[in-house]
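Here the structure comes first, spelled out in structure tokens, and everything after it is commentary.
The letters A, B, C and D name the chains in turn, as written, and every chain counts its residues from 1.
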């Protein structure tokens, strides 16, 4: 049996905290109750924090705004590192002209659009512009007609040898206590196996996500990986990725991993967090700090 | 370089011929030109033949009728062995009551429906009937709204521990010389990886397809596998499956495998047909027989 | 919670019983205590039985002899269907001349040797005979030097485009309550991924194993799949394979699947046995029959 | 047809060059003829270079020495980034005490040993020390008895829930023009599938390799990814990994990818280098520079 530890006593040992978003700060029901106290505590103690999230559906500004609407003002756009930001960096560095075709909402494309590249939904690719398509991006599971556009994406990739970016590696995401929805990462794997080509994936557990956040910090201060802890609800993404990058890791039980399954899951996957906590809430009791 | 042989000289050596349908007898353009002569020749010589096809979209009677409409009357329903027939046999043997939920057209379900089981499209499963669902079948890529119904299928499988049948293992099928369409086998693999459960697949290269045809013949005559040859256009299904079942195999170049690629494909996959022919057409020249 | 049923009351409903060997009839400690009573009961009742086993390390005669040595005389060679027998049938039908190279013990090769083909261990393949090698067979994890001969097998397959048979699909087998050993099926998968070619696998859950047994019976009597039940200890091989072939299935808890895990395993894999029993022992109490 | 470009004209456009080792600088026959001129040119022009190699069999110092013995003195230990170095960094950060069990040569372990951790070959793990084993590392395919020690590694991992590091992701490496050898990455994948746990892999195409080199440079100068080009012979490791990290890439035809296959390989994998060159040799002709 793995020991459940107190979240506050753990973060007291680190200078910088990386948080996963879904299952840690919020769930399908809204914010995790009391999570605002965690950020108050971090601010009071002068600790830094970043949200490291597999989400390419919106820009950091839009993601931050959604926390604000829910009353969590501590999360500003500068605090967010998303798989969408890695996608944008890839396009900036590697795709210099032509069209970037995408599957996702207009919102998700708007963010990568700002690089100056010409983005078009797959639905608008046709014989007059297909030869200018220089990349295809899987951004979001919403915003397109699956049957029509997925078949079209397959045929674009049979005609054009171009990089394909999967901007969110998750295969599914929760909608309610009983329901999940297929995520764009699952859809992209199907298309990859149909066309037989190798796609580029951004998102945890890949270390490029952690490197991006680590680099943001190193721009203004010196830091060692030993000073950072990653907090997440999913062994295969947050914990495996954090461990591999060399960070200590905290598994919380408010999302994908339930208290009753945690021992069996750790043993069967072989993925071991440094610590396990009920949740990521700092409870200060009546005493203040 | 592999030698290209004459199709007639090969089938002269066997008593029973198994044909794949798509890429051998017909293509997206209609019947393979001259293929009717092959069946005239087989009839004249008293040789038997079966169509062994990964197709669960229609009943054998409907499949045969589509050949008749194209002028090929030699193919009667009794000559057809489809992955849909194996699905039907499975349901007859193993699912005794309740609802069979399906993804596919009404036509595809009509065929398995005749078993007396209650079939319902996934779109009609809801809280009042979900607990009676005793199997889920992937029949065809047409006939349902992908986004809505695939998400619904995932959530049915999270609630019910039931057998899931994939009635066609193909991942894609050709629409024209340049275009393919995602097949139900590809869709089913995505759902399988999202839910993490193991599905049951019927269709070549699985030997159960060949066994079904072999059993049909043995009901009325004695036969050895040495007297049968399998003719197909796809190394990974027709040729691998035929070989594994112990049959000699003919690869034809009118479908998935192009003449220019055949040597590289055989070497890279390690799947070796007994013979290679341009097509499955018996050319008798001016001489008759 | 799945219900645990009485084994005798189940087999009373069927005419023919298929048994897996390891984990059902015997374990690493010898025969399952009391299992001889099951076979006495079957004989008394005139029911037939077959052992359907992923084992290519010895011939049916040698396998039967090992039961006799342990005091179980009911299992004669004619009652055994092994993946080695399917390998032998494949070679008889499809490999007509040349050398069959193998990895395994001399005993395992001796059995396939009797087909008249020339078998040679991989260690004896060299530049003078490599061009006569017409098949490569993975028989057993014992009997060869892994590092030397596995590297040699890879290089034979880079030079020769030949069928490769994996005569036992298991990835591991138990040695004691705490220890397992890597099986030839796991080794073969590594070689397959290194050479990138597609191997032919015989063994449960593949239906060809069940067909072979089913055909043996049909040679002397009429039988329906409804009259047969498959008894096994492993969901992914015995139960999945039996279900797919259309048989009713019994999961026993004396081998791979422990009583404490059975509910979680069924739910997580989606593989559902028709029945679950403690073991395959018929306990008649003091009453006789 | 992809255009073959002049290597010198390409590197003239970049400030820093990353080279793969095997297939670019050396082959199984020794150094690539003329490769020393490339490094003379780089030194003369004041360009920097790093060797980025999937090799955990020796320390950077030992790797550099092997170049020196072959007459290539330009490659010093500081110029080498190996997957072994990432393994060492992981152990420094994440494994604080206990025993690190390994599969590989004593030389390969000696390098990670210097971290102060207690390393022991798998062969020396037994009941007295197994509970102190806190990590298992796959270092090299040489130096251990495969059958005995691989089975032992499986059983260690059944008993201990510990991180498993694969310090070289390659599945095979060339021995001569016709022969390859199974690499430790292929062996590790077999063990991973037998035990069903998730291993941590260091080595191209994973971006952590590129980050490590990038970080080394940033310690002493400012640099943008646009100033770096990665030179490699393998699409799936060097080119895919370089592209994903945001670097421009050069495919050379002196190793894994042959000139006759290059177009087919790029189309079938969808992995596109920025440039293709015959080799990584700078030919200055009679003119000097």
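Methods note: a contact is a pair of C-beta atoms (placed from the backbone, for glycine too) under 8 Å apart; a residue touches a chain by one contact, two chains touch by 3 or more.
A quick map from chain label to UniProt name: A, B, C, D = Ribonucleotide monophosphatase NagD.
From a predicted model like this one, the values you see are computed outputs, not experimental measurements.
Q: Among the chains, which is located farthest from chain A on the basis of C-alpha centroids?
A: Checked the centroid distances; the maximum from chain A is C.
Q: How many angstrom lie between the centres of chain B and chain D, each centre taken as the mean Cα position?
A: A distance of 45 Å separates the two centres.
Q: How many angstrom between the C-alpha centroids of chain C and chain B?
A: 28
Q: Between chain C and chain D, what distance separates the C-alpha centroids? Give it in angstrom.
A: From the centre of chain C to the centre of chain D is 41 Å.
Q: Which chain D residues touch at least two other chains?
A: Not one residue in chain D touches at least two other chains.
Q: Once the touch criterion is applied, which pairs of chains come out as touching?
A: The set of touching chain pairs is A-B, A-D, B-C, C-D.
Q: How about chain D: which of its residues touch chain C in the complex?
A: 141, 145-147, 150-151, 154-155, 158-159, 171-172, 178-182, 186-187, 189-191, 193-194
Q: Tell me, which parts of chain B touch chain C in their complex?
A: Touch residues, chain B against chain C: 89-90, 93-94, 157, 161-164, 195-200, 206-208, 211, 225-226, 236, 240, 243-248, 266-272.
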